[in-house]
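Per-chain numbering from 1; labels A, B, C and D assigned in written order.
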Amino acid sequence: MSVFAATEVLVAQNIAFGIIAIAIVVAAVRVVTTNNVVHAALWLVVVLGGIAAQYILLAAEFTAIVQVLVYIGAIVVLFLFGIMLTRARLGGENMVNKKMRPAAMVIAVAMFGLMAYSLWDFFGDTELEVMGRSTAELGQTTAQVSDSLFLTYLVPFEVVSVLLLAALTGAIVLARRD
Amino acid sequence: MAKLDGEQVVRCEPIPGYMHRGYEKLCEVRTYPQVTTLVNRIDWLGSFANEVPFILAAEKLMDVEAPPRAQVIRTILFELSRLGNISLFLGDLGIQLGGLTIGFYAFRDREFVLNQIESATGGRFHPNFDRIGGIKDDLPKGWIAETKRAMDRIRRLCDEFEELVLGNEIFAARTRGVGVIPSDVALSYGMSGANLRATGVDWDLRRDACPPGLSYDLADWKVWTHPDGDSYARTWVRLQEVRESTHIVDQLLDSIPSGPIMAKVPRIIKVPAGEAYVATENPLGEMGYYVVSKGDLVPFRVKIRSASFNNISVVPWVSRGVIIPDLITIMASLYFILGDIDR
Amino acid sequence: MNELVLAIELAFWQQTLIKVLVAAVLVPTTALIFGIVFLFKVMSWMQSRMGPQEAGPRGLLQLLADGAKFLQKEDIIPDKADRFVFKAAPVVVLASTFLIYVILPAGPDLIISDLPTGIFFAMAVSSLSVIGVLMAGWSSSNKYALMGGLRAGGQLIAYELPLILAVVGVVIQAGSLSMQDIVLAQANGSMLGFSGVGLPFLITQILGFGIFMVAIQAELTQPPFDMPVAESEVVGGFHVEYTGFRFLFFFLAEFATAFAFAAIAATLFLGGWYVPGIDPDSMLANVVGPIALFVKIMVVAFLIFWFRFTYPRFREDQLQRFAWKYLIPLALVNITITGALVVAL
Amino acid sequence: MPKVPGMVKGLGVTFRTMVETLKPSGGPATVQYPHEKEEPAARARGVIALHEENCTSCMLCSRECPDWCIYIEAHKTLAPPRRAGGKPRQVNKLDRFAIDYSLCMYCGICVEVCPFDALFWSPEYEFSEVSIADLLHEKQRLGEWMDTVPEFEPYEAGSEAKGRKVPR
């Protein structure tokens, strides 16, 4: 693949990245401003789906798919499940606590500043390498993930597994009636 | 109406009356031959069976008896309407439990029974064939052989149903131990028919209290019971009943005597004053007519005891604490016909 | 990687457009139409009926006729419904189904996108349909719809697990997540030293295939696992309130998903587009491949519908117990055995 | 032999049915209605036909009908004498004979009580109308149906019932 083609793709990618990013921001704002809990969860789906799309644009397919499977397929579904089982009301709710809005805004801006600063500080003006986008290389990313997971970080991985198992068992013990 | 806690039934109570068509009152302004056209429609799936007890009650009051040939043909048609009714139950149970194909099979083979009823009586659903003192017409030529073929078909349906449904582990998981009705409860609620036999009570009006005018004594057959009293038992008993019924029909077909089909009755029927109650073992259970006559063209009072009404009165008792899908199984296996409840 | 053999050089987006049109719209749609009508007929035959006869030759255009019929119907939105969510739900369900076709190889070059994580992608997007179902159930503002939606949600989550675990066995044996590689692994495999017909994973992964079939039956909310749409319990489940073309979407999604899962099963366990005797690298495989795949899909779909039209339905608690107590442990055993054998051999 | 699980047996049943349906000797249980028609039984109660010549307007059918859906209008008139030179007979001339098939229960009492063999069952079943009011059929239509009335079937062996003939 020629360099020219690659850059052309990259232009298209950048445009797509921008569009999706704007969509994510809009959806994210709606998550916190909507009065309807189910709508908030559904906007969250848009946000998470958008992030998955960004991952794909960044050639991190595996992460994107995990994002879809775990966050949308499992966590949001559980959210929706919980909401619908307990307070499935159509229309908005007026009980939403709006008094904390200014405080929330301050914290959000502070967080944004902190993260922006740390990113800027770390990467600064590092030139990111333009990756060639062939299937073989992309395939490697998945392989890389698994290699590092099961070779380099095997012990932490197992520890996390055991932790999850313990949490699961604990949940069952707590939830059992007898 | 069911009151629920989540998927659990707290209290479930059938509210009958939405299909009340006032038959008992209508009967009081219809002449005796006209009444049969009305009572056909009580349990619309086994309609010929509805005529029989009324006609028998009227015959009892008039003190006439149908000739033997008419009695046998009447009994055959009675059993055919039972087959038509219960084979549909088998299909309906399948549909309620989500097995669509079972329903199609039942409808397919029920057609053979209906065709036989039609070619003998002219009516598929509402034959209006039974008359005081006999039956309306004699059988057409070739009917006996054709009916035997239909009985073979029904036995094949029974085999298929046994393999497809009763033998199926899913079906067993859905019905075994669901909706258990002990025999004393069943008796105290006045249940009858296959629902009662499924609780282990060996009671069948055809054998135990067959009114004169039906010739069950000519055939050799067995009353099936099941000790469990759950939905599975009810289905099982009905299936055996269908099979037994085909054997009764086969035997009776071989033993139709020759002779007339009508006894001597006046052209305009006036029933002498008196009261009579006659009950028969209908497809759904005991069905009885209490006829009071004042010697008029029309009955003075007709009280209809239909099986479904008593059979569903047990629902509040049996449905306490079950979950919704089980309620479906219980209702389907109790098998009621709305018209039979409300009349 | 093979370049598309075309006389003119096409820009990337043009190529994409053609691929999308041909591979994502035209082929699955035609295949769907004929496949579904065939399945209609199969189920009619099982019920001693003839099935569609009138629309087109031998009723093959029945689906189009049905579609046209639904389009004419009134589009009713309940007064109290959450309009936007209500409208979006069928689209979400249908879209999640069609996304599966993206990674489906029909020949050595006939694939929209040969993702290295293909099968994983398919599992991920198929889990999106839960959201559509929950949306539909909730937004209809109907208690039966909500109950059906929640049942469907619980069921889809429960059976997602055995589904994925059953696939893992195949993935271990093929050593790749890519659909194309899985097909090639089966094509190049050998059975007891005889390599003439390749090695369909059906033979080595028979347990996995069984679990997969049961799990997709549940994922499709079909009998014996059709409680979410059980008309005698929840009067039709999450799509009670839908009419006209919105209902058509659900209807299509149901069959298209059956088709898609059948395609995945055919690829994973029956060798996909591979035909014994034809070199998997030759151009001929591109021609024969789609046909072979279609035949294999029909075989699997036939199995699905065979189960569907034979069994009565389970109860909700039995369904969950079945998934957690039998299917998942079995799938784990399957993975363990496969893993051990792959390491040992 | 080990016991075959019921679920497998069930699959066998549906598969057998499919093969049966596809076999030329078996075929489906249904018929493709507008193209093929099932032959109803000769006794089938499709529709009531009227043989007008036999009707004497005696009103028995109208009176016995459980839901009174037969309408008869007639006037008295003089018919030519039977023998030459005799007195003209007084007869009832039928003006109107109509059956409201939207009310009719197809019970057959009218056919049965008719003392002069004027009413017959025809197995004809295709007489649906768009509007329910159009189901009130007059005597022309009822007369046309006489052509579709089949001959009475012979009886099964052992019967003492007398065979009857359809007047044409």
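Keep in mind that, in the parts below, a residue touches a chain if its C-beta (ideal position, glycine included) is under 8 Å from a C-beta of that chain, and two chains touch if they have at least 3 such contacts.
These numbers come from a predicted model, not from an experiment.
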Pieces of the assembly without chain C, by contact: A | B, D
Centroid-based (C-alpha) most distant chain relative to chain D: A
Chain pair with more C-beta contacts, A-C versus B-C: A-C
Approximate Å spacing (C-alpha centroids) for the pair chain B, chain C: 46
Inter-centroid spacing, chain D versus chain A (mean Cα positions, whole Å): 74
Separation of mean Cα positions, chain B and chain A [Å, integer]: 64
Centre-of-Cα separation between chain C and chain A, whole angstrom: 27
For chain C, residues that touch 2 or more chains besides their own: 46-49, 309-311
Residue list for chain D, restricted to those that touch at least two other chains: 7, 10, 13-14, 17, 29
Residues of chain B whose C-beta touches two or more other chains: 101, 105, 108, 164-165, 168, 170-171
Every chain pair in contact, whichever chains are involved: A-C, B-C, B-D, C-D
Parts of chain B lying in touch with chain C, wherever the complex brings them together: 7, 94-102, 104-105, 108, 164-165, 168, 170-171, 173-174, 323-326, 328, 332
Residues of chain C defined as touching chain A within the complex: 1, 12-13, 80-82, 85, 114-117, 120-121, 123-125, 127-128, 130-131, 134-135, 137-139, 141, 146, 149-150, 153-154, 157, 160, 177-178
Chain C - residues contacting chain D, complex: 42, 44-50, 53, 306-307, 309-311
Residues of chain B defined as touching chain D within the complex: 30-31, 33-34, 37-38, 40, 69, 101, 105, 108, 111, 115, 118-124, 126, 128, 136-144, 160, 163-172, 256-261
Complex interface listing, chain A residues touching chain C: 5, 8-9, 12, 36, 38-39, 42, 45, 61-62, 65-66, 68-69, 72-74, 76-77, 80-81, 84-85, 88, 90-91, 134-135, 138-139, 142
